[in-house]
Amino acid sequence: MTGLSLGEKLFIQGGIAQDLRTDGRKRLTYRPIYVETGVIPQANGSARVQFGGTDVIASVKAEIGRPNPMQPDKGKVMINVSCSPTAAPIFEGRGDEEVSAELTVTLQRCLLGGKSGAGAGIDPTSLVVVEGKVCWDLYIDGLVISSDGNLLDALGAAIKAALSNTGIPQVQVAADASGEDRPEVDISDEEFLQFDTSGVPVIITLTKVGRHYIVDATGEEESQMSSAVSISINRKGHICGLSKRGGAGLDHSVILDMISVARHVSEQLLNKLDSEISAAEAVQNEL
Amino acid sequence: MTGKGSATPATYSPSPTSRKGKPPAYKDGDLNWARPDGRGFQQCRPAYFRTGAVNAASGSAYVEIGNTKVIVSVFGPRESKKAMKYSDIGRLNCNVSYTSFSTPVRGQQLDHKEYSSMLHKALEGAIILESFPKTTVDVFALVLESGGSDLPIVISCASLALADAGIMMYDLVASVSVYSLGVNLVIDPISEEESYQDGSLLISYMPSRKEVTQLTVTGEWSTDKINEAMNICLDACGKLGEIMRMCLKEAASVSSEVNLGRPGGRLKGLQGA
Amino acid sequence: MGLPNESGDLLSKMDSDASRRLFPLRFYESHLSISTRPDGRPLKSAREAFVGPGDVASADGSAMTKIGSTTMLAAIKMEIMTPSADKPDEGSIAVEFYMPPICSPLVRPGRPAEIAPVISKQLYDTIMSSGMIDLKELSLISGKAAWMVYLDIYCLDADGALFDAALYSAAAAFSFLQIPVVSLSEEGRLTIIPEEGNGNKSDKDVVNKGKRKLTISSLPFSLTCGLHKNYILPDPTSEEETLMETFVTVVLNSSGHLVSLYKPGGPVLAQTSTIQDCIALTRQRMTDLQKSLDEAITEMKVD
């Protein structure tokens, strides 16, 4: 972030305190959200999401793999994020590594649930073809094209949209081969299974500036944060992951308050995203 | 079969010794299961802390909690890397690594990037970075043996090492994690419990300031459960903070009494006798 | 010309901590001239050594040693391997020496210490050439299975004489080693039986019953001496190591035979008597080290 003058800093902070941010939004209002699906034809599913000046792409690729012997009834999901050097000056060279690694870890934490697989946004048991032998491996890749704050929430939304756009090919297992160690499978290139994305949570980052917290902070606003908490919440209103992004300490009652604010916001965001996603799907199908 | 170091081409993979032949500690839906080490669900393992484990460092601490053994050394404040730009507040640089024999299977994840960045986040809110402008404080942790709850133990140990190095802090940071296993919440989990967990919650907390410096949650939680888990953790952090404070007081009173102890005086201390 | 005198005057005025940092050599030599070393030792004595079990539960044998504040933690893990075709009845040993960033202000993550691989190699050569371990003893089934012994030594605190402390910890780790019990399954595969599972396994499957200890013929012990002008200074600290001109490392086995002698560069030694002095010092040191190790072994048996 390029340096801000003291006046600019105070202006941002003062605006947030008065519930009128520099771009005219209230504290809990999002920037315009734009969703486009099917942007990468060779992927099984993809989506591009813009939150104001923040622009990200997510793609989902499914490949046939072998389940982990420790968890024979589950497929594997891999998440990886990278930041394009054009997104922001600090991403040039190897500057994106730290940010990319942090986004990757946080997304894994928010979407993949506990070690046993409970609470995962993407049900790993639905990816199994033959227990212990064949499963789908999902490779989810995120790319940040343009960065103006709130990268995590945008990536979370893009992954959600990409997953609803994903079709996984129907698989036929040869009837006599199911006893073999590596059964032969027949992958259909016409029939696809739609992915159940109702359990995929949204991620809401509450950025604390002064005494108040805001959603969907821009890059300038993020530079003024004292701390930020990212909370992922599903349709049921359950928390699927939470991580505090460093910064100053918070009283635990503040965190609980943030959780209840995030639950409130999540409902609106989920509805908004769902309608944007179905609109985008409709546009894609027309083409 | 298993992904081992490249130097071991022809070994049969001996399975992790401690896990074979034991019935799983927890099965789905079993309400009356017992923890593998016989503890109560909300009972922490006894903690042993000691400062000054490494003489070559500005400050250091050794922690032993169950089978988890960690050493943290603090170096600095010292000159920042040449490439770093001017900064009017100090920098904190953290690194967490494992010994090759720390886990049952030899030579895995020697350098732990994720824990390094989590350690950084847990500590940065507690250190008064303004007190050492332009310079860097390095916090290096080595996990000698991994027995579960490695990250919270590394965080607590690191804050004690920072205090030992005389780095200005608002408060000590005590860190504790709980796992959600079915309907139960278990505190201070050990490695065996790791693969059964449905979710985890880790808190790093400054007990005197009553502030959370870091909180991470995985898995699906209802608000009530999060609330309950946080309260259990905060309570345990408070107690852990007491133990850490006592360790610091002890070290301070000993060093003022016998300033020139034998060089071998700390030997057995590292072992946690 | 004026400079040394000036610093001499300064030296007398400054407090010792400052002069130690600004004029380390003069500070050091002023100590030597009154036959003492900065840490209070007499010239010819080594620092106190400690040896004890390393208590690493995930290893088959471990040891912790200290020489002064230099601390080493050695751990041995044993795995089953197929022996190589040209030596079907021998096991194998791998030695690795690590200097993690915690041990010294000079080591940083991603920039490993240069001397670590040098010491690894020296340790491996010394252990192999001392004959302390008979590789044939590591064989389980000739041509089929043998032990692969991984010895990993971590330096936890570096304050000079790293090789001596590391070799001592290696010797101790081998002395404390408990070989895991191995059983032969019906399909002819060997598996390591975990400790607690011993009871319910019938004894006839066990391949290496009653052979839980290695016979160690003669342990190697070493002493590094720093040479500075005419002084021979055993067991230098890291501060002393930066000031010395050269070093001589002597390794003797427990029967007093010379295993290896190592002098890395530095000025030419004018007298062979220097080497003999070093060997004599090592011989003295060896008795101390051996005694502490024997005590630690008996203590462990009592436990």
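For clarity, chains are labelled A, B and C in written order, and residue numbers in each chain start from 1.
Criterion: a contact is a pair of C-beta atoms (placed from the backbone, for glycine too) under 8 Å apart; a residue touches a chain by one contact, two chains touch by 3 or more.
The chain list, named the UniProt way, goes like this: A = Ribosomal RNA-processing protein 42; C = Ribosomal RNA-processing protein 43.
Here the structure is a predicted model, which is why all the values come from computation and not from measurement.
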Touch-network distance, chain A to chain C, counted in steps: 2
Longest centre-to-centre distance from chain C, chain (CA-based): A
Centroid distance [mean C-alpha coordinates] between chain C and chain A, Å: 51
Inter-centroid spacing, chain C versus chain B (mean Cα positions, whole Å): 29
Numbers and ranges of chain A residues touching at least 2 other chains: none
Contacts with two or more other chains, residues of chain C listed in rising order: none
Chain B to chain C touching residues, read off their complex: 7-8, 10-12, 14-15, 17-18, 20-22, 53-57, 60, 67, 71-73, 75, 78, 95, 97, 99-104, 106, 111, 138, 140-142, 144-147, 262-264, 266-268, 270-272
Residue ranges of chain B touching chain A (in the complex, touch as defined): 113-114, 117, 120-121, 124-126, 170, 179-180, 194-200, 205-206, 209-223, 226-227, 230, 234
Touch list for chain C against partner chain B, complex: 39, 47-50, 52-53, 55-59, 62, 64, 66, 68-69, 71, 73, 75, 77, 79-82, 94, 96, 98, 100-105, 108-109, 148, 150, 152, 154, 156-159, 180, 189-192, 194-197, 238
Chain A - residues contacting chain B, complex: 70, 98, 101-102, 105, 109, 112-116, 118-119, 227, 229, 234, 237-252, 255-256, 259-260, 263
